[in-house]
Amino acid sequence: MKGVLMVIRFLIEKEFKQMMRTRVLPVVFVMLPLFVLFLMPKAATQEVKNLKVCVVDNDHSPLSARLVHKLSASTYFVLTETCPSYREALHCMEAGRADFIVEISPGFERELVAEGGSRVLVSVNGVNGVKAALGSSYLSQILTGYAAELWEEEGLLASRPVLAGLDVCPRYLFNAGLDYTVFMVPGLMAMLLVLVVGFLPALNIVGEKERGTIEQINVTPVGRFDFILSKLVPYWCVGLFILFYAMLLARVFYGLVPAGSVGLLLLFATLFILVVSCLGLIVSNYSDTMQQAALVMFFFLVIFILMSGLLTPVSSMPAWAKAVTYLNPLRYFIEALRMLYLKGSSFLELLPQFVALSLYAVVVWTWAIVSYKKNR
Amino acid sequence: MKDKYVIEAEGLTKQFGAFTATDHISFRVHEGEIFGFLGANGAGKTTAMRMLCGLSRPSAGWATVAGYDVCRQAEDVKKHIGYMSQKFALYDDLTVFENLRLFGGIYGMSAKTIREKAERLLGELGLAAERDALVASLPLGWKQKLAFSLSIFHDPKIVFLDEPTGGVDPITRRQFWELIYRASDRGITVFVTTHYMDEAEYCDRVSIMVDGKIEALDTPANLKRDFGVATMYDVFLALARRAKRTSD
Amino acid sequence: MKKQFLSFLRKEFYHIFRDKRTMLILLVMPIVLMILFGFAITTEVKDSRVAILDLSKDEVTAQLRERIAASRYFSITAGEDNISALEASLRGGKIDVAVVFGEQFASELRRGGRPSVQILVDGTEPNQAAIRTGYMQQVLAAHLHTLTEGRGVSPFPGITPVVRTLYNPQGKSEYNFVPAVIGLVLMLICVMMTSIAIVREKEAGTMEVLLASPLPPLCIVLAKLVPYFAISCLNLTTILVLSVTMLHIPIAGSLPGFIAVSLLYILVALFLGLFISTVVRSQLAAMLLSLLVIIPTIYLSGILFPVESMPVALQCVSVIVPTRWYVDIARRLMIQGVELRYVWRETLVLLLMAGVLLGVSWKKFKIRLE
């Protein structure tokens, strides 16, 4: 037993030395989390704002001018152009200078004063459906607000605009300010782990194959379990370092601290790192060249990321796609991380994720050991 | 009598698809002998050696090394052998001492034994000053001496050397063979492949492989007499003319 | 000269075609991504799980409950009998929205007042939360509207927007994603594969052998790029065919124009891979650097997150991301069907990028040779 521990100790020492002597790696460990956590949450926002509006004002009245002003004052819209005709406005849209065209018809002011209501024509660039839908609803809010304002302030309109017949008081739990950063940061932590402790192991064993050093190991009596374990331990340490470092950055940059227990977070991270680095080693075991390993790993990781709920909600997926996400370890980890960070969930509430990741860990670890062939 | 042979091979065969790299070879190696394994490039030497080391599973036939079956007890075989591959295969990004410690550790030597043995070994090789240098920074000749020393660091019964002296100058080669003799004096059986015919003369017995088969096996003196020629080079040429496979 | 170049080219094709696994993934990747983006990944919000806490226990609230259940946005899970149970369900992720009708709800409504209803929403994902709230508001308001209509309260017309959605009237997310998939796949393949392929020859020392041949170094490097160019063209074709046949997205603009711009984009990506290969020494470093190029590409190019919503500083950074320009052109040419003259500025940017990347790599390459 003592002998086996010695062997593992020496092997682990070797992996650490090699890792630290690859000059780019320590730099990556420090810079990548900084880069991802500083820049990405600001970029990764599905919020819709600064929509480009082009106005065609055919009425040229004080009330239409005020409407145009109202639009440009909103944070959702930026008035980029005023065009004399729809045709020219469409050109603006085709050249990418407008997402919305708002056309005010000639009788706008007259109808509004006389009949208490009027219409504006809105043309939306529908390529991005979310942008179009949210933008349209913002626009109609502004129009309703404007009509109400006219009625209240000046008594200009014939009758009071009708509002909804009930008051809805929404309360947002776990993320009261509906802040996208709070939602994105835990997911980005998971992505960081995937990138570092998923990719590096994928290149590790196949790298030894390319250099020929694996032969020298294969001809020794070293056990397969010991060898794989010695490959895993360094990534496990690096993964935990990156996680804690990222948590620190999240606190410094965004004041984010987990609402739940850090111990639980550690437990999930431990399991997840094990799963991802085992997957990397499996790919490495089956690959002949580093290029092949990198591509295969990339292929799977892109699918893992897309099907994990990191960027788009799992709940919106069709049934078959939801079923596929149950095979995705990243999905469980991101769920757990978000529940821990935002909701402060207990272990009992996280039990399904825990069981799934544990099962996954057992399977891929065994697979990593079995797929490492000392002779062929 | 049984213990006299440390390697026995019977009908050992390896096929890669339709290609038979090693074709039913049979031979025995005595304990303590320096056994030369000769052949042109592509004759199947390396494949045969990899099967004996447990790196490659035979398609047919059997072999025992140090009394263990290479098919069923490959991991036991590995406890008793050393191996030096034809491509330099130590860790470039570890120091000389770190390499020794790693492989010593793998064979279950204690940290103390490793340190003592390493100091002595490095002294013998004249590498004491390079103890903490990265292996990548050493010249090729030194790397090869180091690789050899490493392959016998754990005192194996048999050491397999796959073209150990490729690409080095004649003086370094001569020094290398002195190391081999020293190891042989310590009772280690040496199994060496080479295509330098002068090196064949240094072996106790040699076998010559042509197209995956062993065409000749005897002491260098007997072979020269049988073929009626003066040097091993001529023996080799006489056999190589029969080859159908082109070397690459 | 030409013959030599062809023999180099043949060698490069052998490298790739003999590696069956790599080939398979290179060809399957765009198909898988098309299926995922076309059918699985959507930002639409539907099937939100709702729990209702009805303290009013009235005919109206029962009607509202049925109205919610009938909506295609919501499905009702079992009701709860107190607020803390609702909050626990939200925390455990069992429901997304909880609706609370207070005790006074029904009586207030009968009196002709404005009753209030509380909605608890899981705010973890802000956009979904906002959209769910909006839908719930719509559903509730629509029902009350039908109730009040009969009572002679005539609704005020106000200012009604008459919205016409151009190019993608159903608001399908595929229309937005397909051009992005092309941009992403081509980037992945060209940048990572070429940089690793070239550095691999450096690591193995075979690059020296090639450079010692009488062929000019530029040809040797270009020969390494050609197979990936070919594969990229194949992928482009696959994606276009799938988008028309499987996702039924017509190519609205000029096909030759679109293909020409795509080829230019492939060149930019290949030269980017070439550039990476000139600044690193190991395959590991090539891969890490490629990753550092590809991740910002996903985030900063407008593939998933609209560029105009980003802070100004990031918008400035996104200017150097080639995919940002390409996806913009692709969306306009493919989906909006604009004429080529509307995208000349973006195309010029890509052309400039190709020139700069090739020039810089070539210079670095030469320095290494000397």
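Every chain is named by a letter (A, B and C) in the order it is written, and numbering of its residues begins at 1.
Throughout what follows, a contact is a pair of C-beta atoms (placed from the backbone, for glycine too) under 8 Å apart; a residue touches a chain by one contact, two chains touch by 3 or more.
Computed from a predicted model, the values in this text were never measured in an experiment.
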Steps in the shortest chain-to-chain touch route ending at chain C and beginning at chain B: 2
Chain of greatest Cα-centre distance to chain C: B
Dominant chain pairing [most C-beta pairs in contact]: A-C
Centre-of-Cα separation between chain B and chain A, whole angstrom: 55
Centroid distance [mean C-alpha coordinates] between chain C and chain A, Å: 11
Junction residues of chain A - those touching two or more other chains: 22
Residue numbers on chain A that touch chain C, as the complex places them: 22, 24, 28, 32, 35-36, 39-40, 42-52, 67, 91, 93-96, 112, 115-133, 136-137, 139-140, 143-144, 146-148, 157, 159-162, 164-176, 178-180, 183, 195, 199, 203, 207, 210, 287-292, 294-296, 298-299, 302-303, 306-307, 311-313, 315-318, 320-321, 324, 335, 338-339, 342-345, 349
Contact set on chain B toward chain A in their complex: 53-57, 74-76, 78-79, 81, 83, 85, 87-94, 98, 101-103, 105-108, 110-111
Touching residues (chain side chain A, partner chain B) in the complex: 3, 6-7, 9-11, 13-14, 17-18, 21-22, 211-213, 215-223, 374-376
Chain C to chain A touching residues, read off their complex: 19, 21-22, 25-26, 29, 32-33, 36-37, 39-48, 87, 90-93, 96, 109, 114-130, 133-134, 136-137, 140-141, 144-145, 147-148, 153-173, 175-176, 188, 192-193, 196-197, 200, 203, 282-285, 287-288, 291-292, 295-296, 299-300, 304-306, 308-311, 314, 317, 328, 331-332, 335-336, 338-339, 342
